[in-house]
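Note that chain A is present in both complexes that follow, paired respectively with chain B and with chain C.
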Partner chain A sequence: MNGDQGGGVPRFNRRSLIGLLGGGLGYPAVTHLLGPETARAAAPSGTLLVGMELLMKSIDPGRTIEASAYMINHAIYDSLVTFDGEDLKTPKPQLATGWKASPDGKTYTFTLRPNVRFSSGNPMTSADVKWSLHRVINLKANTKFLIEGIEEVLAPDPLTVVVRLSESKPSIIPILSSPSLCVVDSKVVMENGGEAGPDAKDKDRAEPYLSAHSAGTGAYTLGSYIPNQELTLVKNPAHWRGAPKFDRIVIRHIPEPATQQLQIARGDLDVATGIGPDQAQVLRTAPGVTVKTSLIANTFYVLMNNNPQIGGPFANPRVQQAVRYALDYAGIMAIAGAGAQRLASIIPNSFPGSLDPRTAVTTDREKARALLREAGVGVVRGRITYPAGATSWGVQVDLLVQKIQTDLNAVGMTIDLNGLASLTALQEYRDGKNQIGVWGWTADWPDPSNFLVYLPGRTVGKRAGWPADAGPEAAALAKLGDQAEREVDTPKRVALYERVARRIAEIGPYAPLFQPAVPYAMRSNVRGATYNSVWEVDLYALGKSG
Partner chain B sequence: MARSPLALVALGLVAAWGVAAFSAPVLAPHLPLAQDIVHRLSPPSRDHWLGTDPLGRDVLSRILYGARLSIPVGAAAVVLAGGLGIALGGAAGFLGGIVDETIMRITDLMLAFPTVILAMVITAALGAGIHNAVLAIMVAWWPSYARLERGLVLAVRQREFVEAARVLGASRLRIALRHVLPATISPIVILGTLDVGHAILTFASLSFLGLGPPPQVPEWGSMIAAGRNYLNQWWIATFPGLAILSLVLAFNVVGDSLRDLLDPRLRRV
Partner chain C sequence: MSLWRYLGRRVLLLAPMLVGITLLTFLLSHAVPADPVTAYLGPQASGDPQVIAAFRHRWGLDRPLPEQYGIYLWNLARGDMGVSISTRQPVMVDLKQHLPATIELATAAMLTSLLVSIPLGMLSAVRRDTMLDQLARIGSLIGVSTPIFWLGIVAIVVFYAYLGWAPSPGRLSMEIPPPPPVTGFVVVDAVLARRLDVAADALRHLALPALVLSSYSVGVVTRMMRGSMLEVLGEEYVRTARAKGLATWAVVVRHAARNSLIPVVTVIGLSFGGLLSGAVVTETVFAWPGLGSYAFHSATALDFPAIMGVGLVVAAIYILVNLVVDIAYAFVDPRIRVG
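Let's look at the complex of A and B:
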């Protein structure tokens, strides 16, 4: 992280003061201090004010996978492939005009869009694509899971890119839409410490530069970025799709949903992405505000650790089954809010391979009690670990865990709540140390293959103490998952994913809950707002009337 | 005190909260943990006099049960901080010399930290929970009792009755416990009474920040925290806030009146 950019309270005060004295950040500082009427008058139609929770460690595309960084990077950079609006099923061309897979599914050839220039004026060529992807491969940062299976990237001529995979992997196309795999201006980034060679992990020094500047072909360029405070985007007039509609976009870090609610209602913000279902309910009747909800490619679930040393009674399959029957799903859906959908398994309903929500487990407390008696493990006592005070996709986690605690108490279990600071709770979850946890998995790319993480021995499976060698059933399921991942034929692929999903719902140490829907609000004169769970709001599509 | 109507009202309020806390299971119309999702976020009505929270729990019942936690916690924190302060401050004043120096420098060091921040650091380090919150308040507060006690001991040990006891051959321990300590107790009690309200407020602040009991436990501070996201459902945060206000204010007024009553100089005026 760039030292000069390191945010903090004293810096905020100083910047505000400089702003008031006519410094570069004068405008945002003034709107902070003046009343709503002045602020509205101060927002010219060429500026868009966005309120969101800027939760990210970095905006260097090669080093970030956070949703808020994706939203910004999607505006600054372009990738080979993209998705349009809220549709996450049909990949669309972006910097590539088309692509072709070899018959064995191991080689993809992309044709690049001609006459595209970076904001620096440099032309975008296959060399930039190759350099950008190699940088992500060799950085071995948190983005490395995206490029798993890519063996090499070739640039036979300036407008052709060839991606070679170690084995067939049809999900590579949706994966390449990720803002982490965007195309950066290799010349500019190299001049500023960028490195894409095999030792990039140690030699790359471009992160500070990419936190203060942008080097993309996107519709906007990065104006300024003060972590935990504010980020501004500036129009890129030479953008290949045509110049965007705003001269500037100011994105303010506002973590509290209630504050965003107040500000959008007063007109201090044009778009608010960080409100919850209960704030949305109030804003629906506010004059001049439009509220939309968008189904998110995330699966909320209850984790029960399958490792007896950590899970205790919750490692018992009958107890796990009892938990699934004990939960009051109608009540849980009320907390999840309008638009959320019940999940029968762990693949989101908006993806192929998902199960019909009507086949989901329904509440049956008698059955839960009977299962507990059958399990014969005596008193079932457990502890739910969760990030205290966190709001995840509009859902207040504190409320959800209290609901689950009450439901499990009702069938005779004793449940304690162990609320930890978000990062501590997350670390415990990642280390597989949660006895019971309430979490969600959000798609990193829009494809069911991303949700195979729930399989035994994979990312979430390991966190739930469920290794691939947990037993013959787990081993068979892990194998079935591998088969689904490699299948190229679409109908066969969907059928395989459905089988995997059903099996995980039956024997997995999880209780699938729901797919959340995120409410977001905008002033009624804002046009073209769409939201998807990978990069949230597409800033390029936004405009303002009147 | 009998002559001050304000003090009587305050005493009445403290007593009323005491009764409410004691008989919450009888008074509360609902169970404090009973969730009624269908009626979540209902405004005050005949069924729920003070409305319901985001999980459909009755706000009035939770406030009544909250008193069962806040009052004992406030009292316990003050008794513990006072006990530790008396022991250390008394030892410093009575023994003097290097013991005095050591204890008082530690006290100065502790007093240099803002108390709420210190309590936050302690609970954050030890983990959230009722016991740790009480412990944090105790650790943050004992220095003011130690200071007060030391000053009182220094003043009392010069008095004739202490001299008399010494001449009569009483042991140092007996002098300390039977002659010096009782003479210093009334200012400590006054400070303690004033501080109970303050301790309740600090405990609520720690809970508000998520450093108190787990969220399902009815506690005023965490109830206010839960209401933060519901500006239009004003009853969720307002009523627990009023509960804290009334109880803390009442304790302060009672403490003030007690000081007036027990301070001989003020009484004569």
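Let's look at the complex of A and C:
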């Protein structure tokens, strides 16, 4: 707890009154008058205090894909599948004890863990799994892309769930670890306006209920939630893995990273997830504080529009290559901050199918200049659009963009900066109107399949003016991507993803930069902290010693 | 015109003014070149026409703009401000959760400001060109010219992190469960719940942000009070009062101060507006969950119902403060008649 000055008896004398009238100097008087923090000393020892940027639009699992909400929902709900700690490669059983795929990869049969109960006391059965997944399918909300390809979910007996897919999609296993696809107490949610049928889109009314109550099998239940302010979690003593270590977790929205830094340094927070690289650097030397960094499954990259009408000279493959050689990656990695890793392509190093970072393009300005001459497009002039003032995964986007501008100007290009308000910049990017852009893509589930979005004709490909029919090379690559997505055999699958990654690095209208890492801090007596790229800190794993 | 008729007329004017505000806020917020779809649907979902259609339909964004505005006004007339897209709660509930925090903060800042700046301005004028006057003038200059976010951070570093006199940022210590919300004002709710320890904790948390927030208005009001007081002290009726042998305090307080207050009251009213806008920054630095941080989130997230709600409330507060200022004139100077 914090080392507050012992207050003794509250005093009120002329000096403190004069101090009070003296504005800033009056502060000691105010605190003296109010006495010491007696209430604080009475705080229960089984409480964990977490500071974070608690910004989320919803905590209804079926309607949210935000990182903060994932962290909360990962503590309240369980899914069929999970991942341990920071590992993003090996799916582990959670509410399912195991699963089997049919030879054609279109049917998955899950065996459920017996004797699991929701916090309401209701038993968790296959009917709940089926209802939960159907709700997400039919809500047609922002979570819909997760269950793309699921044709039906069957519950042949209380402990068996069968998921039928329209085509082979082995990524369904890591996808089912998503907190959006957790299992909710269907009885309770239905009683409170939940609807999973075909018209759930219009009839589901469960969101207000799920913002104030939880209906899961998770280690904690939702105590209270005031959006953009504070959320409390309460121990679920009947949790199937054993009761969690804290009676209560208080999570407060603290938007300013510097404020989080000061609070954890003084012991007013046990865990702070909203600090940046600057704060982390200071906290590394603070007594009683431990700082860790965790890789985020994200690709930072430079987009060059392949559509000549928008990209201009940057649609030329030689100019795109020149950009890749012109960048000073050592300088860029310094901006990316401690723990970040260089990327050879667009699949983060945390996943199978990624390329060895040592094979990444290295800076060669001569080669860049030669490529520009070969391109023969005359003066290469361009404009980088980016969200001005934004910090993404601890990276100050303005700094990064200025560095890229300097590097490109150094080989003879003329680059202007077009910093816009975040939403406006994002809109332009999504509309495929960036000539040059600096963006990132974060995995929604732990699997390389997330990053097929960079393929020609897919989400990011389209934004980069790179349709699947852009040419024979693009068409072949798009096909290779489809093949990688469907391959069931793991070694073959990994090899296919590597081929996709290599080809995108060679011909894609991108310059892959790095995979970021985020710092987070905790008091040194906090045990078991791990940070998963999708659901951040695993609250169940946390404990406190001393 | 009597005070009551005047008040009645002002209240009647309130409705068209507020409707005007809603129209202005509606037009401005829709003029932003970004789509709420971008703000609310993830990168994958925003490429799915089915999801976009469902989102627009759910939030009424699929209707033509005039119709959206009409529906808003119709609902507003029935006391329904809509549901916030970014908190999924009725805007009314959001405002009830955020507004008291700001009122608590702004009121504390205003009281601090008045307690400090009026006596200080008076003293400064009476003791013109003394050390006290010089210090007060420098102090108020610093107050007016220091950016509030910087002052906030420095105050936290000095009083919380370094000296340990201030409690952690926020309205209450995190370990303390908040009192059951009755009024939304934590101090009041704690007293109602008979938890004086919680009320004291809330007051401790209130002190530093209120001091920081008051810095600007302390500066402005002190300078105004000093200037106005100097002018009045040179008037003949003050000289007459002195000549009749009145005690200095009686001349200063009864004759000079009261007459000096007229322009100061205007400045106080105006600086209350400054407090509201300063609250946006102060609230971020102090993790103070008030209207300022709510307004900021709503605006950056294109949360139309919330933006409209905040616009209405802030406008109403401004109008109310102006009204109070106009009435205060009449009390300060009986020659002034409202109306």
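We adopt the following convention: the second predicted complex is superposed on the first by the 501 of 546 C-alpha atoms of A that agree within 3 Å, B and C clash if a C-alpha of one lies under 4 Å from a C-alpha of the other, contacts with A are read in each partner's own complex, and residues count from 1 in each chain.
Going forward, a contact is a pair of C-beta atoms (placed from the backbone, for glycine too) under 8 Å apart; a residue touches a chain by one contact, two chains touch by 3 or more.
Please read all numbers here as calculations on a predicted model, not as lab measurements.
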{"item": "Touched partner set for A:Ile249, first chain B, second chain C, both or neither", "value": "neither"}
{"item": "Partner chain(s) touched by A:Leu262 [first = chain B, second = chain C, both, neither]", "value": "both"}
{"item": "Which of chain B and chain C A:Ala330 touches, first, second, both or neither", "value": "first"}
{"item": "Touching partner for A:Leu423 - first (chain B), second (chain C), both, neither", "value": "second"}
{"item": "Which of chain B and chain C A:Gln396 touches, first, second, both or neither", "value": "first"}
{"item": "Superposed model, chain A: greater residue contact from chain B or chain C", "value": "C"}
{"item": "Partner chain(s) touched by A:Ala388 [first = chain B, second = chain C, both, neither]", "value": "first"}
{"item": "Set intersection of chain A contacts, chain C complex versus chain B complex", "value": "256, 258, 262"}
{"item": "Complex contact set, residues of chain A against chain B", "value": "256-258, 261-262, 276, 278-279, 282, 328, 330-331, 334-335, 388-389, 396, 398-399, 401-403, 405-406, 416-419"}
{"item": "Chain A-touching residues of chain C, taken from the complex the two chains share", "value": "32-35, 38-48, 50-51, 54-55, 57, 84-89, 94, 97, 112, 115-116, 119-120, 139, 143, 153, 155-157, 159-161, 164-170, 173-177, 197-198, 200-201, 203-204, 207-208, 211, 214-215, 218, 284-287, 289, 293-294, 297, 300-302"}
{"item": "Interfacial residue positions of chain B with respect to chain A in the complex", "value": "33, 35, 37-38, 40-41, 54-55, 128, 210, 214-216, 225-226, 228-233"}
{"item": "Of chain A, residues touching chain C in the complex", "value": "2-5, 20-24, 26-28, 30-31, 34-35, 37-40, 42-44, 47, 49, 55, 57-58, 60, 65, 139-145, 201-202, 207-208, 211, 226-230, 232, 250, 252-256, 258-259, 262-263, 265-266, 268-269, 421-424, 426-427, 430, 441, 444, 453, 459, 462"}
